[in-house]
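Paired with subunit B in one complex and with subunit C in the other, subunit A is shared by the two complexes that follow.
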Partner chain A sequence: MQKLRENNALMGWLMVSPLASVLLVFLVAPIIMIVIVSFWRATEFSIIPAFVWENYEFLFGSPVTYTVFLNTFKYALITWIFTVLIGFTVAYYLAFHVRSLTWQIALFLLCTIPFWTSNIIRMISWIPFLGRNGIANSALISWGVIDEPVEWLLFSDFAVILAFVHLYTLFMVVPIFNTMMRIDKSLIEAARDAGANGVQILWNIIIPLTKPGIMIGTIFVVTLVMGDFITVRFMSGSQSANVGRLISNDIALLQYPSASATAIILLITVLMVIGILLRFVNIRKEL
Partner chain B sequence: MEPRPRSFYVLTAFFVLFILFLYGPTITIGILSFQGEGGGLTFPMRGVSLYWFFDLFEQQAVGDIWGSFRRSLVLGLMVMVTTVVVSVMGGLAFRKKFPGSSILFYLIITSLVIPSILISLGVGLLFSQSGLDVHWSTSGFGSQLTWTLPFGLLIMFAVFNRFDKSYEEAARDLGATPWQTIRHVVLPIIAPSLIGVALFGFTLSYDEFARTLLTAGSYNTLPLEIYGMTTNVTSPVLYALGTLTTLFSLLIIGVFLALALLANRRRARAGSDAGKGV
Partner chain C sequence: MTETTKKLSRRSVLKGATATAAFTAGSTLGAPMIWAQNIKDVTIRQFGTGVSNLNEVAQKVKEDLGFTLEMTALDTDSVTQRAATQPNSFDIADIEYFICKKVWAAGNLQAMDTTKLDNYDKIVGIFRNGKLTPDSEIAQGTAPHTVGFTTGQNGTEFVQEESGWMTLIPTIYNADTLGIRPDLINRPINNWSELLNPEFAGKASILDISSIGIMDMAMVVESMGEYTYPDKGNMTKEEIDLTIGIFTEAKKNGQFRAFWKSFDESVNLMASGEVVIQSMWSPAITAVKSQGIPCVYQPLEEGYRSWGGGLGISAALSGLELEAAYEYINWYLSGWVGGFLMRQGYYSAVPETSKAFMSENEWGYWFEGKEATDAITSPFGDALAGAGDVRDGGSFEERMGAVACWNSVMDENQYMVRKWNEFIAA
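For the complex of A and B:
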């Protein structure tokens, strides 16, 4: 028995060794490297090994940091609200109102296909809609809603949130749909037989049972938005900032130690948020 | 069948709007990429032409588009194969508890939720400080794996959660060795899901931007090339390129979905004949 268990462990390790080595070299080692570099010094052209706290002191001493972190949370919260509302509604429609499995799969695929295409292209494709002479402005003018083209459509916080919702709602639809499909339909029948109306069924049965899916979707959306730097840059026309942009600006200026310090604080923030969310869901059981 | 409730029609309208929201912008740039020669980035169309597509094939002033496409393709295939193999091995291993399995599980989750720019920055620093060359096929390849492997593994976890162990027990009872069981029983059963893993591996790599930004070295991948273009190209040639890459992605997705459908059919045909004996 003892021998068998050792054998099992050895076999397990052997099977995960490729996975473990990829994660060690390209995840763990880079994080350690960033921690180390965050204590280094930088000149204009190079970085010098050292052990100084000045990068962190500068980071926490600057009012910009707090504004930018606050802005990052703001983006995450607003995007979360929209994605969860839209994602839940779409998944609910697919799972409970579409009746044949073939149609469910077909419509579900229709929702997921954009996920497999390029994010950058999908961002670019908002230009003809939101630009100064874009479709939205022309339509609003021809309907007489506005007289002058609205300037804040493209290159604004509005555009940033719109792009986030456009890019990441799928990450809500998929896990929520997945959990909804596993709800035993007889529960709903039982509720209806017991006299519950549609709203009561939704509120007392479907929403509580879909919570794990909502949590998994939330983890995806929150981390993607908090770690983003390209959407904010592109859609705000460099007028707004989040933590990711702070880091990428430092990188562009070759200020790697300062970028590293910000990155470490961002990582700790994201992991804390995920840690809280993971208390509500057991990911492995819910897949 | 009972009649549809009124909420059905409201939700259908909502769903249609959602699909329009998802696809509308992409279709718009698809239309605008046929913009006439004098046209700009928005409507109205000044004639209909293939001018911008030809532009893409002819002038190379906008950068090395075809070179970057080739690199993205090769890298995508490398990442795809690695993701499938490593995910299957990992998925099989995670069916039993082994010492360290929960630490590894949390590492996988970390790999999924870590902001991409940290991977880019960290791998870039690691390679440059240890004197290694940053190249798309080494550092870029590894960085992309930190994004595709968690997806592959999550799919494998989902697959094995639903896997009926009695097939394996039956194989073992018939005298199959562990390797034969995996080769002739487990792998054929999970094959359609592996096509899904492959699709994730290829497309996530082909579109990946943030993790390759500082790790691709001097030769750009296609998303990096497109990103570069957004800052200095302001003609519909950008839309033409976007339309072509999107079409390519759709082609790949179509091929994978067709393969998955075929695999499912084959499995259904070769499956159990229970109840058909009479």
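For the complex of A and C:
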């Protein structure tokens, strides 16, 4: 027993093993399984173990794949721009304008209230609001802003991005708020004493110090948007596609190998995106 | 231990007693009485599409037969998926015939002995030899009788004659067409081609279930005079390209407001006025009407696209559960469910037994295509029609006699599915 305790290496392994085994069983093993299945063949009602490249060949050979991946990036990028702008503003207000800690906490909790309901409900409730005869259109018509109902409000890319921004802004607010709260207030005072104006403080002090938070929020938003399928389906009225929908269509039609291949490519793409993002900011400083 | 002996004795009693008891007790109430006590513990798990998986049926089963029926309603694709990949998750599969064609080979279902079905002889011809009347023509696509019979209990091949082993017990079917909002269209609609009429740009919809959607597309393409298919239910790759090509172009021109995948989506699209013409299912029309919004299930010159569903028994079922499943199926065909479904606008596979569970007015309106003599209400109490109204499309013979094609699975299904994905992503 004494010897065991002295053996640091063994101790280290033992301590890490609970987490490692959980990750192994619930993360690594399923991904390996998906990789394996992506090389299998499928008929309409069964999947056949094999080692063929046809799923990947079809994926890279189809122009749809490129359109859909491009579309997915488009959604991710536009959603990211809006969530960063809104998320940063909200966090900035909470962290620097609200003075008392009680109010900061109270307002922060207020931001999370919508998240007590299912995100599907929050998304679907946009549909009657944005519809041809919905509240938005009838209000605009009664105010005389428009004569005819605006069609592009619902079942369009606009609706998809609106829902994404609505659903995921909080994932940006939380980490940014968190990093902002850790900024030493004396830095800002020193800057002000040295004659910096508000914009300079924002640009030279707050933004650089908030970068890790922005990056964590970015990772959340980008992965969530790139992996989503249900928002795109409902808000575009099934008229637009992203990679998630491609996968879900394949699964619905029992094409598991093809779905796996698409999932693997999506996984690699997302990892590459995150890899690139991490080159810019060292988020370990934050953790 | 006591449990096993009880089962053994009951089963041996059954073997001898079923035949005699079934005769003596009469056909509708027969066999369940024998083991009324044990069967209460049985739970039968059924899954299927929303159309027939209704809680009212489960309640009535509990009342009439004593055992518990658990229902799960899923969308068409999920139903296929579950029937093919999760054989242990269900006892009864409530699936469509074209799904049966797809999943039968997976071996998760067992065929049913028609001699154990009390009302087998009364099942309409469509499900037995394919003919509604002796001289009617069989429509294109996966006609139910072509996948309705197999060689034996564990048969894997479909046979074209009444072999005594049924793959699915037909329960429900209908003839589908386009649904329209007459108040927003204001002119007669007589052809499938109207779906792509630029007049309805941004106000049309089609369903996003490839195997059914492609058939609606084919009806439209044929109606436009673009092409006449040798068999809409089994297209070649070129035909698939042509069909989906026409619709992709329409989509790019903004013809469609949305696509729908589940029943309630189609109801919402129509009721909110987002869409004025779309592929639709009969109860969806009913649901729109019951909100007080005018909606017509428009009969069209080219005829209907039809579908049929039935109950299949899981291959894993045996013993008491299997007997309970047969009981349930016999009960299903004995009339109450048929009446319940027919009062929503579907047809029962054994219409004559359902007649007893419908009023003369209801039977006349729904089945015979007569003028309603009094208000017609759905089983849920919604008013659907008043005195003097006639059902869209008329009588059973007129509607089911004008079927142009059945929902189907093609040989080129995989190709079609990929093309369908391209259509959605276009």
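Heads up, the rule we're going with is that the second predicted complex is superposed on the first by the 260 of 287 C-alpha atoms of A that agree within 3 Å, B and C clash if a C-alpha of one lies under 4 Å from a C-alpha of the other, contacts with A are read in each partner's own complex, and residues count from 1 in each chain.
Everything that follows uses one rule, which is that a residue touches a chain if its C-beta (ideal position, glycine included) is under 8 Å from a C-beta of that chain, and two chains touch if they have at least 3 such contacts.
None of the values given here were measured: they were computed from a predicted structure.
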{"item": "First (subunit B), second (subunit C), both or neither touched by A:P128", "value": "both"}
{"item": "Which of subunit B and subunit C A:I230 touches, first, second, both or neither", "value": "first"}
{"item": "Contacts of A:M15 with subunit B and subunit C, given as first, second, both or neither", "value": "first"}
{"item": "Comparison of subunit B and subunit C by subunit A residues contacted", "value": "B"}
{"item": "Touched partner set for A:V90, first subunit B, second subunit C, both or neither", "value": "first"}
{"item": "Contacts of A:V64 with subunit B and subunit C, given as first, second, both or neither", "value": "second"}
{"item": "Contacts of A:S118 with subunit B and subunit C, given as first, second, both or neither", "value": "first"}
{"item": "First (subunit B), second (subunit C), both or neither touched by A:N249", "value": "second"}
{"item": "Shared subunit A contacts, counted only where both subunit B and subunit C touch the same residue", "value": "127-128, 131, 133-134, 251"}
{"item": "Complex contact set, residues of subunit C against subunit A", "value": "77-78, 80-81, 84-85, 102-103, 105-106, 202, 205, 208, 210, 251, 256-261, 268, 272-274, 409, 413-414, 417-418, 421-422, 424-426"}
{"item": "Residue numbers on subunit A that touch subunit C, as the complex places them", "value": "43-46, 58, 62, 64, 67-68, 71, 127-128, 131-134, 151, 154-155, 233, 236-241, 245-246, 249-255"}
{"item": "For the subunit B and subunit A complex, residues of the former touching the latter", "value": "1, 4-5, 7-8, 11-12, 14-15, 18-19, 21-26, 28-29, 32, 41-43, 85-87, 89-90, 92-94, 96, 98-101, 104-105, 107-119, 121-123, 125-126, 129, 142-143, 145-146, 149, 153-154, 157-158, 161, 199-200, 203-204, 206-207, 209-210, 214, 223, 226-227, 230, 238-239, 242, 245-246, 249-250, 252-253, 257"}
{"item": "Partner subunit B, residues of subunit A touching it in the complex", "value": "8-9, 11-13, 15-16, 18-20, 22-23, 25-31, 33-34, 37, 86, 89-90, 92-94, 97, 99, 107, 109-111, 113-114, 116-122, 124-129, 131, 133-135, 138, 166, 169, 198, 219, 223, 226-230, 234, 244, 247-248, 251, 256, 259-260, 263, 266-267, 270-271, 274, 278, 283-285, 287"}
